[in-house]
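Here come two complexes built around chain A, the first alongside chain B, the second alongside chain C.
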Partner chain A sequence: MTESGASLESLRALRLHRRREALKTALIHGALILACAACVYPLLRILAVSLRPGDRIISTDLALIPQGATWASYVKVFTETNFLFWLWNSLVITVATSVAGVALASTAAYAFSRFKFPGAKLGLSLLLGTQMLPAGMLLLPLFLMIMRLRLMNTYLGMVIAYSVSSLPFSIWILKGYYDTIPRSLEEAALVDGTSVFGAFYRIVLPLSTPALAIAFLFNFTQAWNEYLVARVILTDSFKYTWTLGLFDLQGQYLTQWGMFAAASLLVTIPVMGVFLYSSKWLLTGMTLGGVKG
Partner chain B sequence: MLAPVAQVLQFALLIGAFVAVLEGWLHYHFKYHERNWFIPAAVLGTAALVVFAALWTAGGGVEAGRVVSLAVGTALAECLAALFFKHVVKGRHSLPFMLLAPAMLGLAALIAYPMVFEVYLAFHDLKLTTIMAWSRTGDLPFVGLKHFRKVFTSSPLSEVGFWELSLRTVWWTFINVFFHVAGGFVMALLLNSVTRFKGVYRMLLIVPWAMPQVVAVLAMRGEFHSQYGFVNIMLSKTAAWLPFLKDVGVGPVQWLGQHPFLTCTIINVWLGIPFMTVVILGGLQSISRHYYDAASIDGASAFQQFRMITLPLIRPVLAPAVTLGTVWTFNNINVIYLVTGQAGGTEDADILVSALYKAAFAFYRYSYSAAFALVVFLMLFVSSMVWLKWSKGSESLYD
Partner chain C sequence: MASVTFKNVTKKFGLNEVLHDVSLQIADQEFLVLVGPSGCGKSTLLRMLAGLEETTEGEIHIGDRLVNHLPPRSREIAMVFQDYALYPHMTVAENMSFGLRLKGIDLGEIDRRVLKAANILHIEPLLRRTPRQLSGGQRQRVAIGRAIVREPKVFLFDEPLSNLDAKLREEMRIEIAKLHQKLATTIIYVTHDQVEAMTLASRIAVVNAGQIQQVGAPTEVFGRPENVFVAGFIGSPTMNFIEGELARAGGGLRFKTAGVDVPVMGGPAGGPPSSLDRSGTPAVLGVRPEAIHIDRGDAPADGAVPAEVEVVELLGYRKNVHLKVGAAGAKVLASVGAAEGSEPGEKVSLRFDPAGLHLFEKATGRRIR
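Showing the complex of A and B:
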């Protein structure tokens, strides 16, 4: 009798406990859903604006799929602006910058990872130090240099201005990765008669493909999304990168809001896809490079 | 006449340095210099490079003189590089220096040289009225410390002064980093306590970070529009539903016009939380469950567990992220410029770096902004040295 009473008691306590737990989980899920909504909502609003018909682009309507939704803004982006030029310019500049950045970083990181030479430590900390420079500090002399070399409004000028901005980070990421590759592999290759450079080129580089990909992606996203340097060096609308084009679309008239939204979405979706796909590795690469001293 | 020559020389040197690096690479990899066909191949390669460069810069209105100088510079660099690699480079450290050379040359040309140039500019007088003469002759009048004095006495823009900007920068950095870390902690703890849909939540929560920043900021800026932005629509709807809130002052706000700093801060907090969330979540997941089990057996409350287990164990992950976040926030021109940067925009949200950018490229006060940049650099340098020393000191307390 007492036993069954005790078990009934504990059953009741368990049920109460479970109910409390369920309530807690529900609250947590609710908070997370709210936070997710706050994160995604601006993107959905862009989608809504981009689908609005021409006479209702400016409105206080909050519907996600507006009445009379059309693709007209998307068509207008391609026919009435230089959007394709902007995308092409961004692509050329970004690819050239990333290739140059990764090529420079891959050999430099190898030197830091495998060799002892005077100034190695100083060099590494100076590299980190460049991240501490106030933003825009070097832009003025760079701008004047590029102006005097008559490279304003050229791809070359942009690539020069961008090329070393992500270099310190890339070197740190790659060095961290090289450090994890056992030296015995290279030593075996050296015994078999390759040069040191051959060992680097034929063994270490192929093994570091993931890290190289991360460094490339990092360079790529940095250059692809850059705005302030481009604003200074590019003045001709045909030479604009997409960031400049978007800013001008959004800045001038409210009537271009629809085109701005459509163009934003077209640029954002591939970039976000790549980012979400690679974010895990990007972050491990960053923390690996940052934590390892 | 002097300026174009110097300019051409500069350009030739740049190309020459590039070729020299290429040479070194080829030499180390293939031992090209010892082959018979090296000379013809080098000449052909040079010719191709020159033609390519000529075509590339043709749009920029480059005269024949530069192309010729390019050819001469390249050929010269060829010879020098060949001699250099054949006879000089045999030391113990030659290989690492070879490997470093391309990156170091790039950093020297694009970071070290501009730094020196910046100092030169700060002591001379380059502004809109002298820039034409400068680009012809390359001469600038020396003005000494004049610009440094002006940094502290006159505004980089039209009203706001240096000290006000500094204070605002400190406030901006502190408040942003605080909310980034606090928000990141809340989100990470929430995420860590659910099992279902975790991946979906995580993916949606990093959307602000994943979006191109220009798009994200401009879209958020649109949402703060006084009439058509989401924030004000919601505020006026709330005020219409619950009239008593109107008396407390709830209603549409001129976000961009009257509260630009607040708007920028909200947008930047929204942008920065995802990064911290992901970093902190990574740290939380690496903490073993056993610590918490042991602590709850000993009767520690949730807060005590957080204070005594989570915080100390997450420190190695959090500390670099906070340092990085502080530097990023201090240096954040993007948000402020994109929100307030249009012509005739407000100055009430500007921090040091955005004022610097505007002074140089909207007000064309080149030398002044060079001096301004140096002062900001010095402030940043001193404070990061102090921070390094302090954090090293406190680290030794922990170990």
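Showing the complex of A and C:
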């Protein structure tokens, strides 16, 4: 074959390869768009229900903004229910849980990552094991524990119940991250004049913001959306979190779907805010450049 | 500034003893290089001095102070790590001043010391950068700067140049030598590179298998190695070893093996009368590659060793000639001038310069005096 023949052949192959790549990209994007639509569709339906006059959940209308759209359901959520109470309770419990959970997990994970002690391996495996138990199984022991501590209907009781159940996951995430931080950084800090805790606090923690952010977000969303444990521990309606409150809007004979939908949308705002804010902390690669490379 | 003393120091990791009864005295303002192969325990010894590893047995003194149970921060040392260990979330200036800020030193004084160190190491333009914005050589300078600003009694360097390329390594080696002259502080430097050891040290301690093999000035360790290990480790290219036996002949002592018969008495390798007593003992003859002369076609003189050229490597200004010697075909390397014209396959005879000959007991590897 001549040289020009060979190059023509390769040009054709290149064109074919390009076309295949373009098709692949189009398919991937198509699948992603479908997945996004599947995620967004329920939200849009709830928005439509919340804006619909009356308490109709079923409608043949597919319009995003229904005919005669009104904010009445939103107004009623604030004026006719204890929604603000529920929101406040949820917020206090969630923030406290997240802070306590991250504080406990960050130090526990450091111990698992850096120190040799009897039972370290077993402890880690047990922590992982608790994650395999269904949440319902832990309900009774948690209830008994909180009751014996006389912490029923208290914020503290809820914070303890929530933070202990999120701890194993947070510890695993953080331990994995700490393991990637070179020990020589802490050794340099020890020589520079810190204590062991100082090296952890001044060097390891600031470098672990991506993992801390993930642990915080996990704790936050878990506590914010939790229903089952709250149902067991909180009986006083003034101590209700929004999940319990919202459930109360569902009556046996009549459910106020408009208010239900409006409240559902309102409670997503804090979570979205926290996600957007913490996304900047999720950037990885902070340790790059500190050591050889 | 201070002296450092290791007294019968032992280190065990679990049941595994990695340092055996090490004793070493390092004088004030001395530049001591601990050199040895990977895993010999040299870094462990340094880390024990820094307080990063516990001492299993024995005593470590910095100056007059026993430091065994002091945390690293109380030992008044500074350490430069192999991987630099710069804090990634701090700027160069913050990295350098970290230790001083912890001590609560006045901010003006901190700035003065940081600028002075930056000036010595030529890193003033980098002070506001973070470690990831620096090259390997710049990071190493910052790591050294961080050690300097603390004005410690003892500087510890743990293989600081091993991550740099050859050219940069040479530059930094000179910088470190200058630094020692300027700061006049005790420096303990760990390396596996015997060239670094030879060029930097006021004294070298050669470590192998958890024991110190020899301590001495570079010329002494190179010129009078105490055992086969030191002889083989120090010097580049490495020393040639030929196994044989000592024999008395005509009032002198000769080293003999199949095809090799070399007079060894009288040179620095051995002298009467003690060497004469050793007639008949199995021995190892060490010959530095630079101490081998190649004679082509000349009539063999006394002590000449017949050999065959296998490979010739031209290094520019020198040539490495790989030879097969004696009936057993022992491999010998000669380092000769680039003008030397021997060809692969050629039969030649070798003359050994008496100053480059060393004799060791075969059984113990110890030098025969």
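Rule of thumb we're sticking to: the second predicted complex is superposed on the first by the 212 of 293 C-alpha atoms of A that agree within 3 Å, B and C clash if a C-alpha of one lies under 4 Å from a C-alpha of the other, contacts with A are read in each partner's own complex, and residues count from 1 in each chain.
Keep this in mind: a residue touches a chain if its C-beta (ideal position, glycine included) is under 8 Å from a C-beta of that chain, and two chains touch if they have at least 3 such contacts.
These figures come from a predicted structure and were not determined experimentally.
**Q** Mind working out whether A:75 is in touch with chain B, chain C, both or neither, as first, second, both or neither?
**A** Neither chain B nor chain C is touched by A:75.
**Q** Using the touch definition from the top, say if A:189 reaches chain B (first), chain C (second), both or neither.
**A** The answer is second: A:189 touches chain C but not chain B.
**Q** Is A:206 contacted by the first partner chain B, the second partner chain C, both or neither?
**A** second
**Q** With both complexes superposed on chain A, which partner does A:279 reach: first (chain B), second (chain C), both or neither?
**A** A:279: touches chain B, not chain C.
**Q** Using the superposition on chain A described above, determine whether A:103 touches chain B (first), chain C (second), both, or neither.
**A** The answer is first: A:103 touches chain B but not chain C.
**Q** By the touch definition at the top of the document, which applies to A:224: first (chain B), second (chain C), both, or neither?
**A** First partner only, chain B.
**Q** What is the contact status of A:271 with respect to chain B (first) and chain C (second): first, second, both, or neither?
**A** The answer is first: A:271 touches chain B but not chain C.
**Q** Which partner, chain B or chain C, touches the larger number of chain A residues?
**A** Of chain B and chain C, the partner in contact with more residues of chain A is B.
**Q** Which residues form the common part of the chain A surface touched by chain B and by chain C?
**A** 195, 198, 287, 290-291
**Q** Across the complex, what residues on chain C touch chain A?
**A** Touching chain A: residues 50-52, 71-73, 77-79, 81-89, 98-99, 102-103, 130-134, 136, 139, 146, 150, 163 of chain C.
**Q** With touch defined as at the start, can you tell me which chain A residues reach chain B in the complex?
**A** 25, 28-29, 31-32, 35-36, 38-43, 45-46, 49, 58-60, 62, 103-105, 107-108, 110-112, 114-115, 117-118, 120, 123, 130-145, 147-154, 156, 160-161, 163-164, 167, 171, 195-198, 200-201, 224-225, 227-228, 231-232, 243, 246-247, 250-251, 254, 257, 260, 264, 267-268, 271-272, 275-276, 279, 283, 287, 290-291
**Q** So in the complex, the part of chain A that touches chain C is made up of which residues?
**A** So the residues of chain A touching chain C come out as 182, 184-185, 187-195, 198, 203, 206-207, 286-293.
**Q** Which residues of chain B touch chain A in their complex?
**A** Where chain B meets chain A, its residues are 7, 10-11, 28-29, 56-57, 59-62, 93, 95-97, 99-100, 102-104, 106-107, 110-111, 113-115, 117-118, 121, 126, 135, 187, 190-191, 193-194, 197, 201, 203-216, 218-223, 227-228, 230, 233, 270, 274, 278-279, 282, 316-317, 320, 324, 327, 330-334, 337-338, 342, 352-353, 356-357, 360-361, 366, 369-370, 373, 376-377, 380-381, 384.
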